[in-house]
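The first chain written gets the first letter, and so on, giving A, B and C; residue counts start at 1 in each chain.
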Amino acid sequence: MMSEVRFHGRGGQGVVTTSKILANAFARTGQFGASFPMFGFERRGAPVTAFGRFSDRPVREKTQIYNPNILVVLDPSQKDSSTVFAGLLPGGMLLLNDKENSGDIRHDNLRKLAVVNASGIAMEEIGLPIPNTVVVGAFAKMSGLLDINPVVEALADYFSGKKLAANEICAKRGFDEVRIVEL
Amino acid sequence: MAEKKQGRLTKVLDYLKHDDPFSKGVAFCPGCGLELLLRFIPRVLGNDIVITGTPSCSAPVLLGQNNQSWHTLSYFGTLMTGAAANATGLVRYYRKAGIDNTVVCFNGDGTANDIGFGNLSGAAERNEPFIYICYDNEGYMNTGIQKSGTTPFGATTTTTPYGSVHKGKNLRRMNLGLKMAMNKIPYTATATLSDLEDLAKKLLKAKEAKERGFCFLHVFAPCPTGWGADPADTIEICRRAVKTNYFPLWEAENGRIRMTKTVKKPKSVNTYTELMKKFHHMTEADMKVLQDDVEYEYCLLGGLSVLEAECQLPVSVKDQGDAS
Amino acid sequence: MNTTTAPSRIKVITGNAAAAIGAKLARPDVVAAYPITPQTEVIEQISTFHASGEMDCELITVEGENSAMNAVMAASLAGGRVFTASSSWGLVFMYDAVLAVAGARAPVVMVNVNRETPGIIAVSSGQQDMISTRDAGWIFLIAEDCQEVLDLVLQAYRLAEDHDIQLPVMVHYDGFFLSYLSEGVDIPEQETVDRFLSVLDDQPRRTALTPGQKLGVGSHGILGGYMELRHKHVTAMERSKDKFEEIDKEFAGIFGRPYGGQLEEYRTDDADIVLVGSGSMCGTIKSVIDDQREKGMRIGLVKIRMYRPFPHQALVAALKGKKGVGVVDRSLAFGFEGGPIYTELKAFETRLDGTQLISFIDGIANTDITKTNVEKMIQMTRDLADGKDVPEVTWVSYPEANTKGEK
């Protein structure tokens, strides 16, 4: 079974790293992950898109994702964007980084909405509003595809020392504090 | 007088410690300044140098023709576009493999100043441990006398010919030696063929300085064929180039310039240009431009050397590290 | 299944990182580095390895790609093992030296990250850079995924430096789709790589330019012996086909990953229609093939791994007797009726025993070779095999280009 996940955010929020950490986490469970950023010019503040395919079998497709079944949105301002929702498959899930519980998000194909105050948690734990390490923990819980352990372990490939410890807490809090609503 | 001359000659001969690895009857023009320089270098530096060369006037001799070589040196024949990068590759591998070497990257002004300048600059920036020798005959001679960046103001070449509208090169030359000194490399120097002892000393200084990094020698080497001069005048042309300050002799260690020969009463540049047909069309106004240019460059050079003597330089500038 | 299993050697890395690690494992003496999108991470990784001492090489941070190739050419001819990396504009900026390297038979190994050219700010993949340099006289190998990038770099050294071959090798992989793709790669142990390459140590040492020897390089081209050299270049390229097959088998034996040599044939045995492709598109094609097979379609893929020398013997053997073959080109050729690789294969059409060929052009100009596109290509190839009227060349993502062909 393969999940096709599209990640949206803005430059500087760690969108691409989110997709990499998850690919890494899946690999640690003996499953497979393949992620890459959408090509284009990247600047702080400009919209960024990344793709991730996660599966229990080797992933061979090497195209962008046009019909995701999971959306991960790191920037609250994008929650109403039609670009973000383009191609979402029926039964789709959305994980959103937002302070408020945006219960008013609706889309015909959206069945599960997960919201986590990732920027807020990140500010508390690492002192920067970079939501990605919270988001990866929330993703594990929301998707049900991963335990928290492989996600936390994957972080060691991207951080070390005190930063690693702080980001591990971010992931765990993301896992624990994400609020999931079935629509 | 004859003894004085003999004494000076002996001094030069003292530097020629090694055999001439070039055969006789090589395919250079009569009076070619390049030939004298090319034979001189391995006699001073040794026959175990690795010399790189490009398509140029040196190519028929350095790179050989048919299946035969005109010399017994180890050489690397390559394109003008990457000569300094090739030499870089050699010295980096030799360093890795612990092979002692003196690599001489031997190029004309066209390669050094124009098409190959980018990688010359790169090699200097990285302080690569080899000796880059530019023989400056002020043009692309092998292809039939076209202008290069070092061609002086007013000179006629096939791409700056004399016509009714345009009369010779209308741009002042670039000063390659000074440009390279500005890179603060361990050793930069100018030299020419009328002052062979000076040239020999500078070659040896470069060989030693190369242990600390990049060395650049700018050698004025007349081309009688291309300049419209009598082949018998090659050395006299060099002598007058020095005496008029058209081509001053200096050296720079880590960019600190020092004159190696100061001409007390420089002659006007006319005494130099009169030996070559390429300048004979020039008007008085043209000659003034050329004279001004010569004086400007000398002023710059002189100023820099005086400034250096007066400056208190911080200690850290004195030594420059290896290329990493 | 969702939790951590026993640790393995698999690391999730990008294609660029895989190239850098492949180079590191090969232990080059001299590496030249100059950045260009989408290759930059390759040289950044190598620089990090160098700075930490993990790589014991001379790293030359050149001022331009032309110097990169010139530097490694000289270091190679001096006897060293070398590496560099580039892409599109950088590749063609070093093109004079690329030709010189081939002429000098210097066993240089480099990776070229395919980037769409000539649109200066096109930032996507495309093979035009490879096509523009296809007959420079280098061996060209193409990778499908990040694992193959690493593996091909290792195989490239084994091939380039083989005493019987001595030809430069360029490993191509798609920019963006592979360069930036993070996926699991089995990173071999250094010892194993050393063993794989140690075969070269047992061979005679090639001639190297050393100080004090009366040796020179670079004068070939004047009259005597030059024709012989040129012919030898061609025959060496021809020999590299079988040598590459051998190396693939050796590699499989040591690392456990067989690739098939010049070509990988995926489900072609009983296929009556086949797509021919190269690079990252092959992963997508394989996935669609599996879907179609479940629906009963007898479809296979021939993936070109060795593009130069052109593996015509292997292609003919693989495609002979198939009913329909669709060749996917990620680049253009001018003045022909189809893409470049299609046109090259067409030269051997008469040996295919009636197999029909059509050309697909896709994945250029910032487009993606999507699963939908692949399904379309398969359908058209099916139609071709069934005797229906199908155009000879189809621009899959650009319907405006398609007119009815003469088929």
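A few points about this structure:
We take it that a residue touches a chain if its C-beta (ideal position, glycine included) is under 8 Å from a C-beta of that chain, and two chains touch if they have at least 3 such contacts.
These numbers were taken from a predicted model, which means no experiment stands behind them.
Think of the whole protein's Cα atoms as having one middle point; the chain whose own Cα middle lies nearest to it is C. For the interfaces B-C and A-C, the C-beta contact count is higher for B-C. Centre-to-centre, using mean CA coordinates, chain A is 63 Å away from chain B.
In this assembly, the C-alpha centroid of chain B lies 44 Å from the C-alpha centroid of chain C.
Inter-chain centre distance (chain A to chain C, centres taken as mean C-alpha positions): 34 Å.
Looking at chain A, one finds that none of its residues touch two or more other chains. Partner chain C is touched in their complex by these residues of chain B: 47-50, 52-53, 63-67, 69, 72-79, 81-90, 92-97, 99-102, 118-119, 121-122, 125-126.
Within the complex formed with chain A, the residues of chain C that make contact are 1-5, 10-12, 14, 38, 123-124, 145, 174, 176-178, 180-184, 280-281, 283-284, 286-287, 366, 368-371.
On the side of chain A, the complex with chain C involves touching residues 19-20, 23-24, 27-37, 39-41, 56, 59-64, 66, 144-147, 149-150, 153, 157. For chain C in complex with chain B, the touching residues are 29-30, 32, 57-58, 60-64, 66-80, 82, 96-97, 100, 209-219, 222-225.
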